[in-house]
Structures are given as C-alpha cells and as structure tokens.
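There are structures below to look over.
Two complexes are shown next, each including chain A; its partner changes from chain B in the first to chain C in the second.
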Partner chain A sequence: MSTGSASNPLVSDADEHIHEGHDHKPKGFLARWVYTTNHKDIGSLYLLFSFAMFLTGGAMAMVIRAELFQPGLQLLEPNFFNQMTTVHGLIMVFGAVMPAFVGLANWMIPVMIGAPDMALPRMNNWSFWILPFAFSLMLMTLFMEGGGPNFGWTFYAPLSTKYSPDSTALFVFAVHLMGISSIMGAINVIVTIVNLRAPGMTMMKLPLFVWTWLITAFLLIAVMPVLAGVVTMVLTDKYFGTSFFDAAGGGDPVMFQHIFWFFGHPEVYIMILPSFGIISAIVPTFSRKPLFGYASMVYATASIAGLSFLVWAHHMFTTGMPVAAELFFMYCTMLISIPTGVKVFNWVATMWRGSLTFEVPMLFAIAFIVLFTIGGFSGLMLAITPVDFQYHDTYFVVAHFHYVLVSGAIFSIMAASYYWLPKWTGYMYDEGLAKWHFWCSLISVNVLFFPMHFLGLAGMPRRIPDYALQFANVNAVVSLGGFAFGLSQLIFLVVVIKCMRGKGERAAAKPWEGAEGLEWEMPSPAPYHTHTTPPEIK
Partner chain B sequence: MASSRRLVGGLCLVVFGMFGFGFALVPLYQVFCDLTGLNGKTSNIVNAQAQSSQGIDIERIVTVEFVTYISKGMQWQLTPKVEQLKVHPGQMYEMEFIATNLSAKDQVGQAVPSVSPGQGANYLNKTECFCFNQQPLAAGETATLPLRFFVDTELPQDISTLTLSYTLYELPQPQQKG
Partner chain C sequence: MSQLDRSMFKILLFIRSVCKCCCLVLIVSFSNSLLAKSMPFNLTEGVTDISQQVYDLHMTIFIICCVIGLVVFAAMFWAIFNHRKDKGAQAAQFHENTKVEIIWTAIPFAILIGMAIPATKTLIAMEDPSDADLTIQVTGSQWKWHYKYFGHDVEYYSLLASRQDQIHNQKQKRENYLLEVDYPLVLPVGQKVRFLVTSEDVIHSWWVPAFAVKKDANPGFINEAWTRINEPGIYRGQCAELCGKDHGFMPIVVIAKPVEEFEAWLAEQEQKAVAAKAEEQAMLAMSMDMDEMMRLGEQVYNKHCAACHQASGEGLAGVFPALKGSQIATQDMLGHINIVVHGKPGTAMQAFGKQLTLKELAAVIGYERNAWGNNTGDVIQPAQVKAVMQQKDL
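Up next, the complex of A and B:
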C-alpha cells in the first residue's frame, strides 16, 4: 500500500504543480456544477447534499423528540408523528448515510487507486442529479392532502397498500429514483476499481476503503433491484388491483416482509462496510503503524457481505416461523459477529503499542470502535430468538440500530470528513471547534441512545407518539440528549463552512504525519485533475 | 474501454436479474408455503373418507378456536356459534357461523381461512366449508354458514391449540352462479 515518500514526488503531481491556478475548471455555475463530470465536483455535491439531508432528517428527529419529551399528546397529531418517524428514517438511510458514502467514494477512490476520474463520468453526473428530484418528490408529499408516507421506513404491507395515504405513488417513484441512483453509482465504482487502477496497483495493494466499497457496490447491485421490485408490488397492489400482499386475492402480507428484509439486511451492511474502510484508514495513520491483518480485513469484509444474504429473517422472528427456521436464522446471525469481531480486534491490535495521537479524526474513529461494538452486542442480544420475542418492536431495537448507524456509520463519516477536509479544501479545520464538536457529540449521543436500551427492556414500544407514565423520566432525559446532539451538529456545520471559505491554516500536502496513500502525495487542495498520467506504485 | 463496456453490460444483467429475482420470490414463496403449510394457509377441501381411515384419538384433546375479521370498509358481521371447541383428533365436528349483511347494498363476500400456528395448518382438515364458496347476501339478509372439519391424528404433539381465523372480503362485482 505504501507509495513512496515526500522525497519521491510523483511525476504527475509535479506536472500539476506547474498547472496550478489554471487547472481548466469549467466557467459559470451551470457548467461547473450542473453539467460537471469531474469526480471531485460530484463527490463534493454528494457530500453537501447528504449534509443537507442529515440536517433535514435531524430536524424531524427533533420534532419526534419534542413530542416524546412528555407523555400524552403535546404537539402533534398521531398521523403526523408517524409521517415524521417514517420520513426521518427514509431520509437518514437513503439521503444522508448512503449519499455521503457515495460522495466519499467519488472523491477518494480515483485518487487512491491512481485513476484520472471515475470510469463512467457522465453516468456519475446523472446518478447525483437524480437525488435532489427524488427527495423533493418525497418531501413534497408531506404537504399534500392526506399527508406523506406514514407506514414506517420499512413500509410493511398492508400499511403501505390498503391503509396508506394517496401520496404513496409519489413515495414509490421517489424510492425508484433513489434505487436507480445507487445502482448507477455502484456500477461506476465497480468499473472504476476493476479497470482504472494504475499499473502496479494490484488488488491486494488497494486501500481498505476501496476494498470495502467494492464489496458494498456488489451488495448494492444485488439488493437495490429487489427493493425496486418490492415497491413496485406495493404500487400495483394499491393502484392496479394486484394482490401480491393481499390475502383476499391469494397473496400474503408476510411475504412482503421476506422480500423487504432480503433487501433490508444487506442494506444495513451497505451502510457500515464503507465505515470499516474509513476506520481502517484512520487508525493506522494516528497509530503510526501499518494496519494489523490487512488480508484478514479483506476476507472478513467479503464474508460479512456473503453472510448478510442468509440472515434476513432475524427481523421476523415473531411472525410465527417454524423452530427450524428460527434456529437457522439465529445461528447465521450470530456467525456474522465473528468476522465483525475480527475487524474490531484488528483495529485494537493496530493501536497496540503504536505512538498514538488524538487528532479529531482519530477521536471519532476510537469512539466508532467502542460505540459500534456496543451496537454489535445489542445486535447479538436481539439475535437470540427467544429474547427477541421480548425486545422486538421496542426501544431496544431503536437503541441497537442507532448505536450502529449514528455512533457507527455517521461517526465514521465525520471522522472521514475531518481526515480529508484538508485535502478537499486546502485548509485545516478549526481544531478547537472540532474538539467541541467531538466531545459534545460523544456525550450527547450516549445520553440520547443509551437509556433507550432500558426503555426497551421495560417494554416501551417503538413508533408511538404517546407512552405510559412510568417511562416519562427516561424519555425526558433522552429528549434532552437528542436536542444536545442536534445542536452539536451545528458546530460541525460551522467547521465545514469555515474550511470551505478558506478560513484557517493552509494545509500541507500531507497534514497527518503517519498517513500513507496516493492522496497524500498530491498538493492540498487536490488539483482539479489528478493522475492524468498514472502514478508509480511501489 | 471495450472491457469497460463488457463489464457494464454484465453488471446491468445482474441488476435486471435481481429485479426479476424479486418477482420470482413470489411464486417460490407460494410453492414453499404450499409444501410446508408455513404461512397458515389451509389446504383445499378434504375428502370425508380421509377421516374414516384414521382412528379417533380419544386420549388427546385439542382446542380449536374460531376468530373472524371483517375487512376494512365492509359492513358485515360474521360470528361463530361457539368461540372454541375441545376436539379429539380424528373425529368429525360440525360448526356454524352466522353472517349478516348490515349494509344497504346487496353484496358478495368470501371468507379466507388461516390457521395459527402455521405448522398446524396442514392438520386442520375441512370437508365442508363456506370458505370454498362465494356468499351473496342481500341488504340486511342473514345466513347460516356450515363448517365440517376434523383434526388430523398426526398433529404434532407440541400443538395443543389451533386457531382458525376467517377474514371476510367483499368481492368486486356480484357474480351469479348459473
């Protein structure tokens, strides 16, 4: 993986130095951003879009927590509450986490493998510009008569067919568009990695972020079409008289859950595998040691991806499956924790006896390792079939998936942002503010999500606007944690804006002493065109 | 670039293949459930002779519960004469349901049965059931609907209660049987 040192500048980089200042950026807003086919521009667009969606979905979470601050119905009607939980989930999954990863892939993969751009630049432009339309369509439905989607992000039939609002067709089209966008993005990533590696960049020299994205991309093209299929069935059931999920016409609503989770479980790994790649880049840098067990990381990622197709029914333990099936899905689910554990041990072993420093990317990475592991443990508890009968559809599940998604996936995206912001903008972020952002987020995320475990164990159901009085105190604490976490993210917004506006120290080509990889061998900010001649890989 | 085009072509095939696979899951699921009875769907009418070939297991008592649901927006009532029966496997039982059309329209209904737990579905044998027929009812009319069933003696030992539920649906247009 190592590719020379600063004393050995790459030919192409020297070339770009000469060109700096007139690097052929298109002129004018339209030409630069709307018609762009430059992987760095598209990466930036993805990242900014996902940040906007993160704040939008976050605002909805604030609405939800405000209603749940006290028992009783205070602020919202139940139907609007349901729309908030549904759209919050959809936006965070499809609008915040997934596009952020695609943005990181666009920016970093070509740079890391020595390619001049993504393999299919025009398709790249399409796959981004579809997204704003998809999300406008979905957000619009909230203002329509009858309201927006209110059936949960999992849109179980018959909630999404027989009992859904009139706007459901728009929800279906929005999901179709998001799916098409992800599939195009995934195809682009695969073709880029397979065909555009610089000479000498063999598969087993790829940075792990590239490897994890390659595997994620295969998961995406395997399961996004299944999601497209299942929303199409919802559409025809509701509007065209088919009965895929309607028992009256010989269908079966439980089948919806099987098809949905056949997509849904691999989907949760789509949202975590790139994080594994990010953490595997950051931990060695700030430990000043090479990653422990590179090859085992690659195999662990691949086996997690493979196993993820065999565990979907752990979301359906209470639907009345026969014991043999319950056991099969229970054991397969537990099996996944083995390759996941391998990764956690590898990160810890990388840090072991390293000369650690705690810059903000590293702080987020360490928080990721600890908190993601907590989420993995609660996942293991949920995987035990008999106890899942108690935990299913309670706040325990909410605690579990927020630990793996917020303090997991989102923390890794923050770590990545701090790690590569100097490379993207050419300026160092404000270290003081960033530390504030980290510590506020770390404390509030735990105040927000840890007590949810206890609420769930005590029996508080998820997706309800009102609750029994004995849950009042804990919910008040959770809501306060929620508001604090929401406010903390505004600090991040300030940090990013300051960097983008060029307020701060100029970043060196390699701002992190222990960093390795091609991206650090070009100046900061990375020139508009990089690797126009393939770099030399050692 | 030619190799890119081949790769993109291959990946698109995977995408279309998986889209098709999503739909292929539907018949696969039906076949799987028919074979195993897992989704609680009961098998079709059973010949009454099937019962006489089994002895009656007087040692064993199984509770059969009856529940009914009316689908959304349909103004009918469907009530079992008794809520539950204690039965011996292998013995034939008769039951009646009362259906009333409370609406002001002539309508046709059809009841769809389902058995819980699903593993017991293939052991609840109906030799006569109103659920095999469409049921027209004029506005305000009431009818008595028969059910004859027996529980198979092979019913797994760990199942002691079977719940037979009927969901009543309205059929789109009244169809008169010629």
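Up next, the complex of A and C:
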C-alpha cells in the first residue's frame, strides 16, 4: 500500500506546514509519475491527459467546422470528414469527459471521505496508464492506408463491419482497452467508497460528488462489458465470418443498435451524473447555504441511473420498432425529466435567499444549470416519438447532445477545476483571465450550438460534409462560434499552467468562505499523503 | 488610470475583431444568399395531415418547455440579482421542504401525461400503413435510391443531379444544390401511399420532412411507412443515416401530381419500360466503335463509378481499389465484365447489371479498359455483356 508511512500523521491543522522532503514524494520522473500509486498524482495524470485529449478532439472539431463554413467541398474529402466526426466523438467521450471525471474522482473521493488513498492503488495506476496506449492505437489508424474509423462514434453495423476500413481491428482493440480502464476505475471507486470511509462518515453524510460517482461507477460496471461485447461482435463479423449483424447469415443489423445503445444510454448518464455532484458542491458554497434537498438529490440520481437502462431504444425510433415498443420507450424517456427536474429545482432553491457571490466556479455552475436545462428541454422534445421522426439524425440532435455534453459535462469539469485548483496547486487562479475564459466560452458556446437547433428544424441531416445552399448562413455563424470556443479554451490552459507553476496568490486552506467538506480542512496544496489517520467527522 | 486604459483598449480590440467577424459572415452570407432560398427557422408544417399533427405536437412541447424554462430561470435570476452578498443578503439556512418537493414532482408528472396523450394518438396513426392505394418499394444503396411501383412494371434509380464541378466549387451551384436528382419519385395526391423501405448494403434512412416520414432502410429487412399528400408540389429530403463516404450526396425528390396526371405518367413509364426492353434486344446486334464507346463510357463512369474509383481511376488507397493499371481492368476481360454486372459480394462493389443498360455496361467496361493508360484496345459490345449475364443466370 502506498500509505505505509503512517509515522507522519498529517492532522488537518491549518498551520501544519508541508516542507519539501517531508511528504515522501518518490524521486525522479519515472518513479513519481509512471510507478505512482498515489491517488493525487494519478488524479493529476488523468486530468492532464483528458485536457490533452480535449484539445485533440477539439482540433478535429475545428477541422469539421472549417469544412462546413461554406457549402461545397473545400478542405476535406468526404471519407476523411467522416473519420474526423468519428474520432472527434470517440476522443471527446472516452478521452476527454470520462477520464476528466475519473481524475476528479481520484483526487477528491479519498480526500472527501477521509480515506488515505484509493482502495486499490496499483490497479489505479494501471487503469490510467492503459489510456495513453489506447488512444495512441486509435489515433495511429488515421495515418494508415484506408484511414481510421469512418463509421461514426456509434459504429453502426454493417457500415462498421463489411464496409469498414482495414484499421477497424485497431479501433476495436482501442475500445477494449478504454473499457478495461473504465471498469477498473469504477471498481476502485466503489471499493473505496464502500470500505474506506472514515468512522462516522455514514452514507447519507457523503458529499453528493461521492454519491453521484458511486452510482456512476455501478453504471460503468454494468455497461462497459456490453460495449466490449458489441465491439467483439463487430470484430468477429468483420474478420472471422460470423453473422451477428448480417441478415444473410441469420443476423440483424438492428440488433447492433440495441446492444450498442444498451451501453450507450447509461453511458450518457455516466457523463453527466458526476456533473450533478460537482454542481451540488459549488452552488451551496457560493450561496453560503446548505444544499436544498440532499436526500432527494441522492434518490433522484439513483432513479435517473435506474431509468437509464429502460430508455435505450429512444435512439432508434426510426429503425422500425413495433408501436408498443415505441410507446414504452417514449413514456420511460419522458419520465427521466422528473428526477432531472427535481435536481434543477433543488439547485435553484439552494440559491434562493442565499448570500450569493460569483467567483468563476459559481459562474460556470450557473451557466451549467441554464444550458444543461436547455439541453434537457430539447431532450424532452426528442422523447416525443412522432416528433422525433423529424428531429432524428438532424442538427437538432447535434445541438441537443452538445448542450448537455459541452455546456453540461465540460462546463461542470471547468467549474470543478476552478473550484479545486487552489487545493490541488496551492495557488489561486488568475481571476481576471478566468473571467475572460468564462465569458468567451459562454458566448461562443451558444453562438456555436444554439443555431444548430434551427439547422436541424430546417432539415439539415447530421454527419454530412456538404449541404444545401439554404443552410449556408447559419453554418457560417456556427463555424465562427466554434473557432471562438476552441480558442477560448487556450485561456484555460494558460490559467492552469500559471497555477501549476506557482504564479499567483498562495491559496488558504479554505479559499471559499462558504465551502464545507474535509478537503477544506487540510492545507493548500493538499499534502502528498492525507488522512493517514482517520479524520474526525462531526 | 493606465490599467483602465489598457483594459479599455483590450475591449476596443475585441469589439473590432467581433466586427470583422460579423462583416465576414455578412459577406459570406450575401454571396450565398444570392441564390439560396432563405432558411426556415422552424419545423415544416408539411403537406399531410400527419405532418400537421407532428408540427402541432412540436409547437406544444416547445411552448411547454419555454414556459417551464421562464419560470425556473426567472426564479434563479431573481435570486442572482437580489440575494447577493454585495447587497447585504444574509443566507437563510433552510434545506428541505417536503411539501414543495412533492409539488414540483407532481406538476411535471401531470404535464407529461398531458403531453403523452396526443403523442400516443399521432404515433398510432403514423404506424398504421393498412389499406394503401399504392405500394412503392424504396431501396437504398451506396449512394442512390431505387423506387419500384408494385403492380406496375415501373422501377428506376434516382441519383444526385448536382455535378462534381459544383461540389468542388469550380462551377456556380444551382438553386437546389444537393437537393436535386435525375429521376424523382412521382406520387399521386390524395391517395394513401405505402412505402416498403429496405437496403442493399448499409443502413440508410429515407426522409421527406414535408411528409414527416423518416424510416431506416435496413439491409435484409423491410420497414413500412405511409403518407397521404394533400397538395401537389415538389418535396425534397435527404438520407438521414450515415451510410459511408457519400452519405451527404443521396437526396430524395418527390413530385406529387394530381391522380389523373400521375396515372398518365405511370402509363407512360410502363410503355417506356417495354420500349427499353425491345431496344435492348436490338442492341445485341449492334456494334459500337471505339470513339462512341469511350464517349458514352466516360459519361456512365463519371455518374456511377467515379464516386468510389475516382475520375482518375486511381481509387482511394485502402478504401476503393484503383482501376488504372489493375489486373482486372487490363487483363481478365471476362472477370471484369462479371464483376461490373454481378458486383463483388462482401464489398461496396454493387451489381450494376440491373442499374445500367447493356449498351451502357459495355461502354463503361470498355472505357475502363482503355482510359488512364490502360490501353488494352478492347472494344466491348452489348452482346458480350449479355453473354456473361446469361452464363451466371443459368
């Protein structure tokens, strides 16, 4: 165990200074970062990796928007365009959003529950170090003859089997690696939360970020094997002559979609539940008021997770299902808006009659609430099956899921980063630059994604490299919004680098007046080993 | 002071760059909008009773969302403006209220039930294709649509009519750029038309917004959909499911005609089909010379083959094989005719035997054997193609 050095118990006392050399950090790059079993180091690795992937996937989005700036084919061939949309999606889902949440979990869960480290530190190391290999494999395929995956991140058969490029095997192996990494991460989170809570830290005292991650981890364990199954079926259909998805051999291409979305829909909640936890930490802090409806938040999260297994076919209304099935999936999907609504109401009620201040984490949290709710509304519209026939596979859907994933999940990750950067680095971020980052992101993200609703309603299908002339003006605006949003994220890079290099004010143990939780009772930066003796829970 | 000046300067710079961007957008917009119809900003009401119901559902749910949004965000922004620390607000300490929580669970539930009832009715009506007056089989393949009128001897392919030079910005784009086809689907007004939708290769999706019909075309399976058009006109749609490289280039155009006009059109097509078969027979005795073959062959090649094998015959490395200098296009003539006529199972190479006439097949095969320096000198005749066709048929 990495926590063997119990001889130097770090009590959570603000004037206990951490001196160089007293924190038992391993010496040397290899030992510190490659062999590390320290949850904070692994958390940092996850976060940095996910940011690198965010920029990579973002660069691909820029390429897509450059091609779509005007009608006609200017920069890309359609086949490469399809590779860009596919790899952009895969990288953002599996490389940016998910690892960022795992990074936050690694850093914050042990600290929040009073545990000295994650329960399975070596597995923790492994689950991170798989990822760079997985994504190298996937990115490599772009340089192969025939190109990388070009069948959409949803890789519907038979486009991904009979008609896919030779690199599909590498894509399959990359997805397998990502799945293994996620499952190990999830096991670690569950074991840690269940076993390593400090005495007195009962389940209903857990911070909501911990609760939402616990539920997310169960979702991951339930569905990642399903994803592994479906990619394996693609592999054997393509290379070993099976016919899971080929009618000629007794299979069914629509079965692919059922299996994929049985993974895919819970996956959507995997990417948003931890956000709910983050927002539920930030809003009370800057409202200086306890979270409204803690228990109902926990139950709402659990019921969203439960319902997420019953709604997968709402991605497939046009595939030709029986009416009874369409009705079932429509009703279940509409039901999800109830627990989600409860969460939004609770956040607003938390702010109500609070004593509000608007530091950057709070700004991102408020933007999250408004923009995620807009994404929720378009989700409710998409649930109505007869209307979904019109929205399905258009830019309306693109607008919907980018509202919940970019101004939802990504904004919550930004909020979390600003909220905990002082704790991680020991320095306050540059408030001026951070405000620039926020306002530029907020404006550009809406210029980027809001007009997409109109494109979809006017009839522009998604995943096309060229479009009819009537869509030209709006696409030009969308592209400019896209470039502005992409550039705005470089400000964030500067802010983070400044903090990491120790430029800026030193952060107090508790830099936020209204913050509560064990993480604020230890010095900033958090010592290398924390809670080596269990903290006292009030 | 200087701090203030600097930030003012920064703001001015920012405003200037925003203005520049806006100008750019305006210029681009203007140059495009010279030709384009203006884009509608809402869903179409369409031209069928069903599409009207769908539009009404869309507006209802949209307005409900707007009202809920207004209430929730109004409360939030009220708090943001009034309950702030710099206005001296003291935080209250309440953190639950069972009554309120029950109310805001129950009200959305009631709204959802109100929404589900009309949605259910419309959905059940949409999924009832019984008692159709006319049945049409719609078959998607990479990257075209095929229409077959049941009970009539009429069937044809429908391909994108926008040309490559427009796509590659060498020529001015026409008004209906990417939304125009060579042979549109023709339908009668006022009759219930049933569509049987399927695919020959990957999944496509047949979508005409004006009818509120979008149905996936699944290979090996048949989906049903239907429409009853109220007004004559031209209605345009696109493939809605990613189906490979040219997914963006397989539009749908429907011409809706009054019943009498439609029937006259259908009869004319049947006659044409008979005439074409007779011509096919006559063609067997005919022989093309090299010039005619190359001229016709190039046209056919650019329309049907160039999307994959490229106009240069070089293909796309690792995706679509090259014809230029390939073994099959320079040596094995029977194999070459065979693969064009019957396709290559398990790949994107389609069977063109039923898509093209004998003369077109002969010309395009001959073209491939002589273009791009293949120079085999072979002149292929319709009779040779027919012979290969029959061989395999037996």
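Here is the rule we use: the second predicted complex is superposed on the first by the 517 of 538 C-alpha atoms of A that agree within 3 Å, B and C clash if a C-alpha of one lies under 4 Å from a C-alpha of the other, contacts with A are read in each partner's own complex, and residues count from 1 in each chain.
Everything that follows uses one rule, which is that a contact is a pair of C-beta atoms (placed from the backbone, for glycine too) under 8 Å apart; a residue touches a chain by one contact, two chains touch by 3 or more.
Worth saying up front: this structure is predicted, and the values here are computed from it rather than measured.
If we overlay the two complexes on their shared chain A, which of chain B and chain C does A:223 touch? Say first, second, both or neither.
It touches chain B, and chain C stays clear.
Given the touch rule stated above, what does A:205 touch, chain B (first), chain C (second), both, or neither?
After superposition on chain A, A:205 lies in contact with neither partner.
Check the residue A:338 against both partner chains and state whether it touches chain B (first), chain C (second), both, or neither.
The answer is second: A:338 touches chain C but not chain B.
Where does A:195 make contact in the superposed view: on chain B (first), on chain C (second), on both, or on neither?
first
Mind working out whether A:498 is in touch with chain B, chain C, both or neither, as first, second, both or neither?
In the superposition, A:498 contacts neither chain B nor chain C.
Let me test your reading of the model: by the given contact rule, A:165 touches which partner, first (chain B), second (chain C), both or neither?
Second partner only, chain C.
What is the shared patch of chain A, the residues that chain B and chain C both contact?
162-163, 247-248, 252, 254, 320
Please name which positions on chain C make contact with chain A in the complex.
21, 24-25, 28-29, 32-33, 35-44, 53-54, 57-58, 61-62, 65, 68-69, 72-73, 75-76, 79-80, 83-86, 89-97, 100-101, 104-105, 108-109, 112, 115-116, 119-120, 122-124, 126-127, 142, 166-169, 173, 175-179, 197, 201-203, 205, 207, 209, 212-216, 218-221, 223-224, 237-249, 316-319, 346-348
Considering only the defined contacts, which chain A positions touch chain B in the complex?
Touch list, chain A to chain B: 119-120, 162-163, 183, 187, 190-191, 194-195, 221-226, 228-230, 233, 244, 247-248, 252, 254-255, 258-259, 262, 320-322.
Can you check the complex and tell me which residues of chain B touch chain A?
Those in contact with chain A are residues 3-4, 7-8, 11-12, 14-19, 21-23, 25-26, 29-30, 33, 36, 38-41, 71-72, 110, 112, 114, 116-119, 167, 169.
Looking at the complex, which residues from chain A come into contact with chain C?
69-74, 77-79, 82, 144-147, 150-152, 156, 158-159, 162-163, 165-166, 246-248, 252-254, 287-296, 318-320, 323, 326-327, 330-331, 334-335, 337-338, 341-342, 344-345, 348-358, 366, 369-370, 373-374, 377, 380-381, 384-387, 389-390, 392-394, 454-455, 457-459, 461, 463-474, 476-477, 480, 514
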